[in-house]
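Which chain is which? They are A, B, C and D, in the order written, and residues in each are numbered from 1.
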Amino acid sequence: MTVVLEAKGLNKSFGAVTAAADINVAVERDSVVGLIGSNGAGKTTFINMVTGYLKPSSGSIVFGERDITPLAPRQITRLGICRSFQIPQLFNTLSVYENLLVGVGIVASGGKKWADASRLAGTPVEAVGSILERFNLTAYRDKPAGVLPEGVRKLLDIAMAMAVKPKILLLDEPTSGVSADEKFGLMDMVMQAVRAQQVTVLFVEHDMDIVNRYTHRVLAFYEGRIIADGEPGVVLDDPEVRKFVTGDARAGGGGKHAAH
Amino acid sequence: MRRDYTLRILGVVLVALLAAGPLLPRWAMFLITVSLCYGTVVLGMMLLMRTGVVSFGHGLYYCLGAYAAGTLDVLFGVSDIAVMLLAAILVTAVVSALLGLLLRKYRDIFFAMLSLAFSMILYGLLVKTSALGSSDGFNVAAKTLFGIRIAGTEFERYLIFAITVLTAFLAAVCIHKYLASHMGRLAGAIRDNELRVEYMGASVRNTIHVNYIMSAVLAGLGGALAAVSVGHIDPEMSYWTTSGEFVFVAILAGTGNVLAPFLGSFIFETIRSFAYEYSPNTWQMALGTTMLLVIMFLPGGLWSLFTRMRKAA
Amino acid sequence: MDWNFLRVLKAIAAVLAGTALTILCASAHAEDKPIRIGLVTFLSGPAAGPFGVPAKMAAEAIVDSLNAGKAPAPFNTKGFGGTPLELTIVDEAGGATKQVTELRNLVERQNVDFVIGYISSGDCLAVAPVAEELKTLTILFDCGTPRVFEEASYKYVFRTRSHATMDAVAGALYLLENRPAVKSFAGINQNYAWGQDSWADFTAVMAALKPEAAITTSQMPKFGAGQYGPEISALLQTNSDVIHSSLWGGDLEAFMLQATPRALFGRSQLVLVAGEPYLHRLAGNMPDGTIVGARGPNGVYAQKSALNDWLRQIYKERAEIYPNYPAYSVAMAFLGLKAAYEKARGAGTGAPATDDVIKAFEYLNFDSPAGKVMMKLGKGHQAVTGTAYGTTRTVNGQVTVGNVKYYPLERVQPPEGQKSLDWIKSGMKPGKW
Amino acid sequence: MNQLVAVLIDGLIYSSWLFIIAVGLTLIYGVMKILNIAHGSLYALGAYSAAALAGYWINQGHPPIGSYAAMLVAAILVGLIAGPVIERGLLRFMYGKDEIVLVLVTYAVFLILEDFIKLAWGVDPYFLYQPYSLLGSFDVGDLTYPVYNLVLFGVAVLIGVSLAWVLTKTRRGKMLVAVIHDREMAAAMGINVSLVYFMTFTVGAMLGAVGGALTAPMISVQPGIGAETIVLAFAVVVIGGLGSLPGAALAAVLVGLVRSAAVHYRPELDLFAIYFVMAVVLIMRPKGLFSVQEARKI
């Protein structure tokens, strides 16, 4: 198995709060990694550092051969690392179709800036069409994103990340704010899409059943450091994890509090 | 999705205007000419607004375009309309490219006020330049078109009218096509959510910069056309009230379609012209009230009347 | 779904048709008996109070009186040669572009026969070519810039008041006659064409007449600045013998009442090129001994004559005060046009052709409430008159002028073919008239 | 006398005036996020009504000293009438709209009021000069200044200090600050946001009118003074950092000194002074001198 993404000794602190302390992770291609931990444990900070929204105080992030630590989000995206957001970031006045077309269009007109623009199969319109079907959003095609129900917004948010053809996809609490009975449907859909395009996935999740069911590997965060890393079964049984993470997570539920 | 008839309507309007021109009373022809010059500037303003930024200093380019066209004659004795328009495009493109480097970092009221500062500095410079007539400005006469003499001929007015119509038409078509392109579509995306645009791999600042240059060039074109058709230019064109009027008309018209700015400026100019005549002491009141009514009941601007009609259909 | 597309087209057509309709209704009243005169003057903005509205009231008074045939000879025929006059008044506010549009509307929508108007020099420059294109006899009645006829020549455009050069020239002459020992002078003028030109002319004249007098400072506050604290301090510190100012309107009043308590005029002799319209308003804030001009022998400087008495009377009836110089300017325009019109019509009846009126107008001499007006410059299109200056003195609460000196036109005006500044620099030799 | 001293005094006097005309604007923006162009008309309304009332008072032969009271009363009346009418009658329907749209709304109000003023008072300038010279004058070196200038300075300081005190020390002021920083939170805390808005706008309007009233005796009150003033006030508020009281104060001083220096050393640059300062400051500090940091989005 080859490593696609590697974080080396990441540290980040906001004033007194330590959001990341000596994070070392190597992610293998096509793996599905779950990030768990109570709120403020540093999961989103990790994603924000990988995607260039935050610069680590020290340490580096390597994607393939390339050190992407100093790059801006859009450059990192062009290299093939995309993300979705805990609170969906959509173009509210544009229709679902247009929301996706923006992404596809950026790839289509991006030219050499993109790691591999040729991956765009068919015309942008066709591309959007297939995404709409894959995430069965076709029914909402012409609705402005602003009026969609939360579940659909989440889905669109992820679909938009997929629209720019990632090699690595980071999902920040994909199922938060999604009703319990929709969660699995949503995750199934995402995972199909992901497998079809051989995308490596890291996702932050509070629902341990989801974690159990979809991940090959789990990283448990606590106070900015990784306290456990391994097979889901193993990690979730780890006493420390039980003490500091899952117990807390069950109590914490959906984890709708502001991410850190 | 409803089909888009904008280009067809533009075509029809173009033919209609060109055909109707000679039949119109000359003052009406002039009114239309002026509204089209205005409309071209407002079109640029619309592009900016679609991108989520508003400039309170677009008079800067309106004025620059006019002076670029006007000073050609003063400095080099060139007074060919084609060359004048070209000069306006070049000058405004260069200046906006430079100022854009700075403004692309700004948003909201700060973008508006910084551009206002720039336009007022130009105003000050021109008022201090007595060689160009200071605040009185000077008269501009376009003598030839592609080398053919038009000044003094009886169809001079119609030619200027036709040129304006044609330029406005081309501008509208280009912007319409642009807005439908991938690059153009980013405008709305940026207005809605800059963060997401960056996370989809596009540069917000570059896009804003490009759109800013385009809107500046449109304003410059409008200014040059105004200089040619009005025949006089002065620093007032760069004063903040002029810029305010462009924003005013843009909001009044709505940013939904490239036709809106032209329709908006035509209605604005007509209202103003007749209000001046029939209620010289309350015409500002009339404008203000119209504005409030539009903002309250037609948030999409006057254009949303048409979209509503189409929905009804 | 093409009917849908047609619908949008129809809607646009409706808008266009609607406006077209209003347009037609507006331009309906074409066949009118009386002579229609378009009057363009400031009804709003800073220039309305001191200039625009006095001019408007004078024009209305004059038209009424002329239509009633009450004006003294030789202007005692009703209206113009028996045909009554009708005024259409337009606001000059809104800038040159606006005025070009409005002039077209006046001529082509309102069908006026003649246009009398324009106080702002910028507007004058802008409308002149348009008047030419519209082939409509247009009289610029109050703007001062010499550029109008020095940079171009027009067939349809006339100006019945002298251009501004004489204001500076006569001002300097008067100053030096009364204070020969001037060693230094400063200026405070608005930072726009009028202020800049007045200062340029005045400094040029001083350089020619009194080269040893030093310029201490030239303050150029923004038009409408309102706050003059720093400027006044700067002027105070120069201790100049003389302060030249072409301020007008609210700016002049603000400057006067901010400078008076600061004893500026105790140190320096003030010369107000255009101070006349404010004499009655500035009682208590106009120091005695201020040199004041009226841009011609107008207002307080107008000498007793039947015509002057007539204007003062009809104006006072309407405005309750005596006319200031814009009122005199507008009177010159009406009387000049009347003279030309009647000369052109001669013994014949019916309206004379515009071309005949123009021929009659060129090089015409006529009397006005401010004395003789001669259309001698700009190929007979630009009037020349003498001018006058005086010194203020307060008589029981009222500001009046004394020590009035009149200057014949050859001393204060460049002859035909010479640009003002060149003439001034070349020592202001009286030309052949 | 040392010219530098003159530059400082003139600059500070001008700054005081700038601050007085700008403080209401920044207060309203700070709390309501509305850049209120109609502030210019409120200034004009204040000036006109002060000139009218105080003028009437003096013409009636009352002791001229009372004209100051008359001016103040006029200004307060304008604030108490115009403020509520505009806020209750119009603005409250607009809350939540885009900032630029709100600017346009107040621009429309501005246009309407401009004509209203013309209809109410005509185009002839009003002229209330007595209060300016009434208090006599004092000398600094060889320069004479009217005491009225000190009054301006005093009022500016008074307004600044009392506003600062209200905002930071009193309960109601803390409420304002709370609303400034987070409306939802404020509402959640049980603060009556609409009442706060109503009061803020009324006070802001009153400050605008007071600015006009205090200026009336130094100028000739005529059409268009509102438009001339509002741009200056805008510049000051933007330079200072929108909604920041200390920012507005600092900006006023900065602009005042720069203009005064320009007038004394380079008169021809006076025209640019303020816009030059605005451009430079915004280039150095994109959100003005005192800007409020935004919270992280994700």
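As a convention for this text, a contact is a pair of C-beta atoms (placed from the backbone, for glycine too) under 8 Å apart; a residue touches a chain by one contact, two chains touch by 3 or more.
Note that this is a predicted model, so its numbers are computed, not measured.
> In this assembly, which chains make contact with chain A and also with chain D?
Joint contacts, listed by label: B.
> Which chain is most central here if centres come from C-alpha coordinates alone?
Of all chains shown, the one whose C-alpha centroid lies nearest the global centroid is B.
> Between A-B and B-C, which chain pair shares more contacting C-beta pairs?
Here the pair linked by more C-beta pairs in contact is B-C.
> Among the chains, which is located farthest from chain C on the basis of C-alpha centroids?
Computed centres place A farthest from chain C.
> I'd like to verify one number: the distance from the centre of chain A to the centre of chain B, where each centre is the average of its C-alpha atoms, in whole angstrom.
44
> Indicate the whole-number Å distance between the mean C-alpha point of chain C and the mean C-alpha point of chain D.
Roughly 36 Å separates the two chain centres.
> Starting from the mean Cα coordinates of chain B and chain D, work out the distance between those two points in Å.
Chain B and chain D have C-alpha centres separated by 33 Å.
> When you check chain B against every other chain, which residues touch at least two of them?
Residue numbers touching two or more other chains: 127-128, 195, 281.
> I need the residues of chain A touching at least two other chains; which ones are they?
Each of 89 in chain A touches at least two other chains.
> Taking each residue of chain D in turn, which ones touch at least two of the other chains?
Residues 118, 268, 271, 298 of chain D touch two or more partner chains.
> What does chain D use to touch chain C in their complex?
Listed in rising order, the residues of chain D that touch chain C are 1, 3, 6-7, 9-11, 13-14, 17, 118, 123-125, 127, 129, 132-133, 137, 142-146, 149, 215, 217-225, 228-229, 259-260, 263-264, 267-268, 270-271.
> Over in the complex, which chain B residues touch chain C? Could you list them?
Those in contact with chain C are residues 2-3, 5, 8-9, 12-13, 25-28, 30-31, 34, 127-128, 130, 133-139, 141, 157, 226, 230-232, 234, 236-237, 259, 263, 266-267, 269-270, 273-274, 276-277, 280-281, 305-306, 309-310, 313.
> Under the touch definition given earlier, write down the residues of chain B that touch chain D in their complex.
54, 102, 105-106, 108-110, 112-114, 116-118, 120-121, 124-125, 127-128, 195, 240-241, 244, 247-248, 251, 281-285, 287-289, 291-292, 295-296, 299
> Residue numbers of chain D touching chain B in their complex, please.
So the residues of chain D in touch with chain B come to 35, 90, 93-94, 97, 99-101, 103-105, 107-112, 114-116, 118-119, 227, 231, 234-235, 238, 242, 268, 271-272, 275-276, 278-279, 282-283, 286-288, 297-298.
> Quick one: which bits of chain A touch chain B in the complex? Just the residue numbers, please.
Per the touch definition, chain A meets chain B at residues 51, 72-74, 77-78, 82-83, 89-94, 97-98, 101-103, 105-110, 113-114, 124, 142, 160-161, 163-164.
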